[in-house]
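Okay, so here's the structure we're looking at.
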Amino acid sequence: MSENVLELKNITMKFGGVTALNEVNLVVKKGEILALIGPNGAGKTTVFNVITGVYKPTSGDVVFQGESIVGIKRFKITKLGIARTFQNIRLFGESTALENVVTGADVHSKSGVVGAIFGTPRSRREEKANLARALELLDFMGIKKRAGQLGKNLPYGDQRRLEIARALATNPKLLLLDEPAAGFNPAEKVALAETIKKIRDAGYTVLLIEHDMSLIMGVSDRVAVLDFGTKIADGTTTEVQNDPRVIEAYLGAPADAS
Amino acid sequence: MRLEIKDLRVHYGKIEAIKGVSVVVNEGEIVTLIGANGAGKTTMLKTISGLRPVTSGQILFNGEDISKMPAFKRADLGLSQAPEGRGIFVGMTVLENLEMGKYNRKDRKKEMAEDLEKVYHLFPRLKERAFQAGGTLSGGEQQMLAIGRALMSRPKVLLLDEPSMGLAPLMIQNIFNIITEINKTGVTILLVEQNAQQALQRAHRAYVLEVGNVVKEAKASDLLNDPAVRAAYLGTGAH
Amino acid sequence: MKKNRVLAVVAAVAIATSSFVAFAPSASAACSSKLKIAYQGPLTGPEAALGINELNGVKFALKRFLAANKSANVDPVVYEVDDQGDPAVAGPIAPKVAAEECVVALVGPAYSGASKVSLPVYLSAGLPIITPSATNPTLPDFGKSIFHRAVLTDDYQGPALARLVTSRVKNAKVFLVNDASDYAVGLQKTVDITLAGRVVGKDVTPTGTTDFTATIAKIKKSGATAVIYSGYFSQAAVFVKQLRDSGSKIVFASGDGTLDNQFIKLARKAAEGVLLSAPAIPMETASPKLAAEMVKAGWTPGVYTTESYDAANFFLEAIKAGNTDRASINKYVSTKSSKGLSKVLKFDAQGEVSGADVNGFVIKNGKIVLLGAIKA
Amino acid sequence: MDFALLRDAFWGLTFDGIALGAIYALISLGYTLVYGVLRLINFAHSEVFMIGTFAALVAASGIMGVKVEDDPRTGGSMILTLLVCLLVAMLASAITAVLVEIVAYRRLRQRGATKLATLISAIGVSISLVELFRIITDSLPREFPRIMEKTFLFSYAGADIRNDKVIVIIAAGLMMFALERFITKTRLGKGIRAVSMDENTSTLMGVNINRVITVTFFAGGIMAGAAAFFYILVYENTSFKVGFFLGISAFTAAVLGGIGNLKGALFGGFALGLMETWTSAVFGTAWKAVISFIILVLVLLIKPTGLFGESIQQARV
Amino acid sequence: MANLKSSLNLRDKGAEYWERSPKWRRVALSIFFIAICYALPFLNNPLINTPGSDFQSVLFYPVGMYVLMAIGLNIVVGKSGLLDLGYVAFFAIGAYTMAILGTKTALNFWEILPIGVGLAMLSGVLLGTPTLRLRGDYLAIVTLGFGEIVRIFAVNTDSIGGSRGIAGIPTPPDFFNAKFTILDPKPYYWLLLTFTLLIIWMVRRMAARRPGRAWDAIRQDDDVAQLMGINTRKYKVWAFVLGAAVAGVGGVVYASQILSIVPDQFNLNISILILACVVFGGIGNVWGVILGAVLLAFTPERIRFLSQPRILVFGIALVVMMNLRPDGILPKKKREHFDPDWHTVEESGEGEIK
């Protein structure tokens, strides 16, 4: 049960003179939902970018399923089994919802350009399978009726759901969700929490960035807190909530502070 | 100088980001908009300063509807903004960045020394770095520069978009102290903040924005003690 | 309901288009109106200057002919064929020209590349052509019986140009420069062969070169006493100007591409003393009187104006002699001769002009002065 | 390959290369200015240059009454003629550039059109201007009268230093200095820089983007017009085709230095002028374009945004 | 007004009609339109005639050739969003392969065709592999340079004819009753049309499958595409190579028709004109691209009677049209499907997933 899917070891990330991440250590265990919290600009998204290969850390190591993935190309990291969503939704807006998800599902296909031109049996088979999987996922996220609509024309909430469906389509061992509830009303947040649990129950491991404390407390197994590029706490939700450093940095200093 | 927003609607493509919001900022007040990421706070500020077109509704600045006025002209009215992400001109020196804040002031030369002095007084750090390129500043210094630059135009209303973002706790305190100080010199402030705790402590009144709607409007101190608000935005309501 | 409307539209389009098939023009009927003389060459695009020179020659010839033969059944307007000097453009045009039943003769094409594409089409349509300026030696293969050429090919001009230089410069050491065009490369090749051991260096300055610094440095270093430039007048003028401005006084010689009053206009003083060879002759040299008359009529003569004038006149003589169709006109120009301004036009079996000379010229006091035929 | 020539005539080639490079640099400044502000390649900029050359010509013959057969002028009359030609060329190019922006860019920009649509629109303007001038000039090149006698000032290490090229180098340097001052010191110049760094924030500062864009095209036009005059002063002829040949070289220079970066355009211009002259000597003039492009590709493979990089590094993800 | 506008939108109407049609009607319509295309050389009539040039020849060049190349360039620029300003190079490579092998070996057209296409593709790989990591405008100048290098190389290399080019290129052998001669452009047109239809079919197939989705993703957001597991580099090179292959086909066919080629035919203007076709018609939409190519190739021939100002008018038309319709005449615009079961159509291979 306590098998580590992902380990960040002493990750430091510098941009020019600015240190975005400072010696961050983080472990994600198989089958859990780990929430990463911290103020805006604390470096949470930078963590995601380091994990997915967008940034190469200045120092430190990222170990995914026992192997270092530092320096591996982004698309290969996705193939290895890490998928993500984005804080500021980045769908393929000119593609339909279904196409968005099939694009994700294509990751593990073997057929390429030649197969497509000549319509080889494998290509046909894979097309069919990916399409089926994509529809299944749209259904899973409750947006099957949007399949034929363009990504950019979907309502805001469905765009967020579609991003998750697209990420799931790559069949990830680890799913990174970057503020999936941003812009959601409370009812939607509740529904999302259910969905995230459902995703976990379906066998995925989830690393989640979120601001909404009620959501975090509702879904996460563990919480890690980043502040100004440094991890200041890591533990169960209750532990973290009562950590004085966390209260000071994130939850806000006591009202009489000024 | 009163800023009044009436039944504002804004679209991104087909998505309605602001769904009929009304906000009033009275002269001399600090008013804050709080809400989760994606609630439409930044869109509100962008629309007020003219970077986003209005679908419907009015933006009244001292009684005049400016909702159709080009953005660059709104700056001349005395509406000044320190934008999200700070918007520092990275290739310009700190001094040049500050000068940009006075871009359209008729008597810019005459006022320059005076205003620079004021800004340097508020942010002594900027004086030290006057000839350094904006891009080499730290996050906190950039935020100071963004606010300082906005002040250079002698604004009547100052729009601040998440001034605490990415700053260390100490720096956050610092920035908010300065915001209060600026307000005391008579500048009306509309503040968008993620750090609700700080924002509510400093502001006179506040609006809670949720998915493009105002769901609550009250005195800031009242909201600070509102259990629902605490639960949703102050993170301390869960227990 | 809606479907039916769309179907109806489709049906209407189908009927309409099929009815157009019936309107398609039927294959060649005899010409029922006035006979037309065509000119083909670049009339627009970057090469247009040469084409306009030649077109003006044809227009002038036609004007004079009609003034002298008021009752002639010839259209006073030249049938203009603009191939931009580009084979790709010439491709679609040539069949159209061939299909115009009233076009009985064509002066041109001006360029060899466009000729290679056009000639097979004209051959099949029996349309006689006289080209005033396409000097590629292989062209008779493409045009066979309908091909005639009013100038000598590069095979003649090159050696003559080389001899012109060696006859005027003792122990000439020659530097060769060309502009990388089809014409220039061909010309330089024969110059090179004739000069044999006297060539001390070469450079290629492609069309569009504006700065000849490096070339001039090479020339100076080579110790050359003469430069032979193969290319066209506009670039030759830039080149010779820079050569003179660099302080060099060595002999500058060039071929027919440079034989144009525009060259003098552009190069000014630097043009003084430049040697030129050409199977052609400027209108002003051949007949100052006609040149003046032409200018008065609103056309400036340039390079190959004389040759096009002669070519057009040959065709007009054929028509005057009572020939009204392509075949008979072709037979007339292939067998008879015409006394032109530049030379007597008399074509051999290949369609090449025979008994013509390559002339030598020198520029003196801003005028092109004929030195006479360059002897073998 | 003739390395001996490069060695023997090195200083002469270098001097001429710098003079040519100065002209390239002035033109490439126009590409880079527009790119900096709009992130678009102004494909019609070569024609802005072309029109400058014709304007200088008209100024000489029309305004100053210089006839092609006249002897070169001297003294005050010469200086006046040169200055008038320079000013007229700069003005004509600048006005053309502004018109190009209005016709080819403005409407498309306001409608948020794609980069490619704007590119084609600019190409359309370029084609139209070339054809217009081809028709006006009867497809013939035009000569520029010699206003100033060309003399050698002195010789250095085998290099003959000629007065007109010295003037070009010095004057071009002054122009660039003036541009640099304009961009860094004046209010409008700062507006240009601000817009190139962050358009939205500039608007918030009260910068009128439309005006800044107009000024940018105008400034690029001034530089192209100066280049046009210097070109015609040295080479003394022009034709409707002249923009095409110089335009490509200047554009290459701008990219070499890092398009959008003024220093890059300057450096790129001089580097390309030198490179063309040197490689012409070594490999033959026919291959200079090939070698220049190969060097450009090599530079880009090592530094994907040119030698000096773009003025702003765009953040990714 | 909005209503009127939408009712005038023939593209949407047409697409709607197409989508609602049963399969038999689609087949019938396709056959009808293809038949019209093949019959075009006989539909020479005053409406579409080209005064001053031969209509049947114009159908082959420039119209047919521009259409083919625009479809090829659309794979590069329209589908995957890479700005290529040196596309003519691949056309030149195809043409030169035909010219050299046709005149120097005993190989005939059909044997040279795959070689020419292969060489064009190879050069696509050689150019694409190192340069495709460059961003937009830098890629543009590098490809532009490549186009010029190929031309300059041809001009300066005597062994392939230098600036004189190569003459006497053989025509394709007779094909049943079709005789390929310079005098009759019809068989060439039909040959070109057949290739074009084949390529359209292939492109549509690819577009509906994995590569099409990958290109869509790359064009819209390169970074996210990578994070979705797409090897963007590989697909970019593929786009380049396929575009090159199409131009290669065009080059081989062109050389066999025109019989002699010179390097200056393969100049920068062709690259720019083909790009203009793509953008003018509606980038990314194959029908728009075809329409753009037809218009831009046909218009200068149609207005030949204007003679002098012909190109000027063409240039002005380009500016005016881009200002009026910045997304092209038939812009790529996906229609949405609100029927959740629409994708079943796709499985039949006729869907609109592009």
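Observations on the structure shown:
The chains carry the letters A, B, C, D and E, assigned in the order they are written, with residues numbered from 1 in each.
Criterion: contacts are C-beta pairs under 8 Å (C-beta built on N, C-alpha and C of every residue); 3 or more make two chains touch, one makes a residue touch a chain.
Note that the structure is predicted; figures quoted are calculated from it, not measured.
Among the remaining chains, those touching chain C and also chain D are E.
Chain pairs A-B and A-E differ in how many C-beta pairs they share in contact, with the greater number at A-E.
With centres defined by CA atoms alone, the chain at the far end from chain E is B.
A straight line joining the Cα centres of chain A and chain D is 50 Å long. Chain B and chain E have Cα centroids lying 52 Å from one another. Work out the mean CA point of chain B and of chain C, and you get 74 Å between them. Each chain gets one centre point, the mean of its Cα atoms, and the points for chain B and chain D are 43 Å apart. Within chain D, residues 131, 286, 289, 316-317 each touch two or more of the remaining chains.
Shown for chain B are the residues in touch with two or more other chains, of which there are none. Multi-chain contact residues of chain E (touching two or more other chains) are listed as 152, 155-156, 223, 308, 311. By the touch criterion stated above, chain A contacts chain E in their complex at residues 52, 54, 73-75, 78-79, 83-84, 86, 90, 92-96, 98-99, 102-104, 106-107, 109, 111-113, 115-117, 119, 123, 126-128, 130-131, 135, 144-145, 147-150, 153, 166, 170.
Residue ranges on chain D touching chain E, taken from their complex, read 35, 41, 103-104, 107-108, 111, 113-121, 123-132, 135, 248, 251-252, 255, 259, 286-287, 289-290, 293-294, 296-297, 300-301, 304-306, 316-317.
The touching residues of chain E, when paired with chain C in their complex, are 17, 29, 32, 36, 39, 42-47, 50, 52-58, 60-62, 152, 155-156, 162-165, 167, 182-183, 185, 257-262, 264-265, 301, 304, 307-308, 310-311. Of all the residues in chain C, the ones that touch chain D in their complex are 44-49, 52, 180, 203-206, 208-215, 217-218, 220-221, 234, 237-238, 241-242, 245-247, 262, 265-266, 268. On chain E, the positions that touch chain D within their shared complex are 77, 83, 130-131, 133-138, 140-142, 144-146, 148-149, 152-153, 155-156, 223, 268, 272, 275-276, 279-280, 283, 308-309, 311-312, 314-319, 322-323, 326-328.
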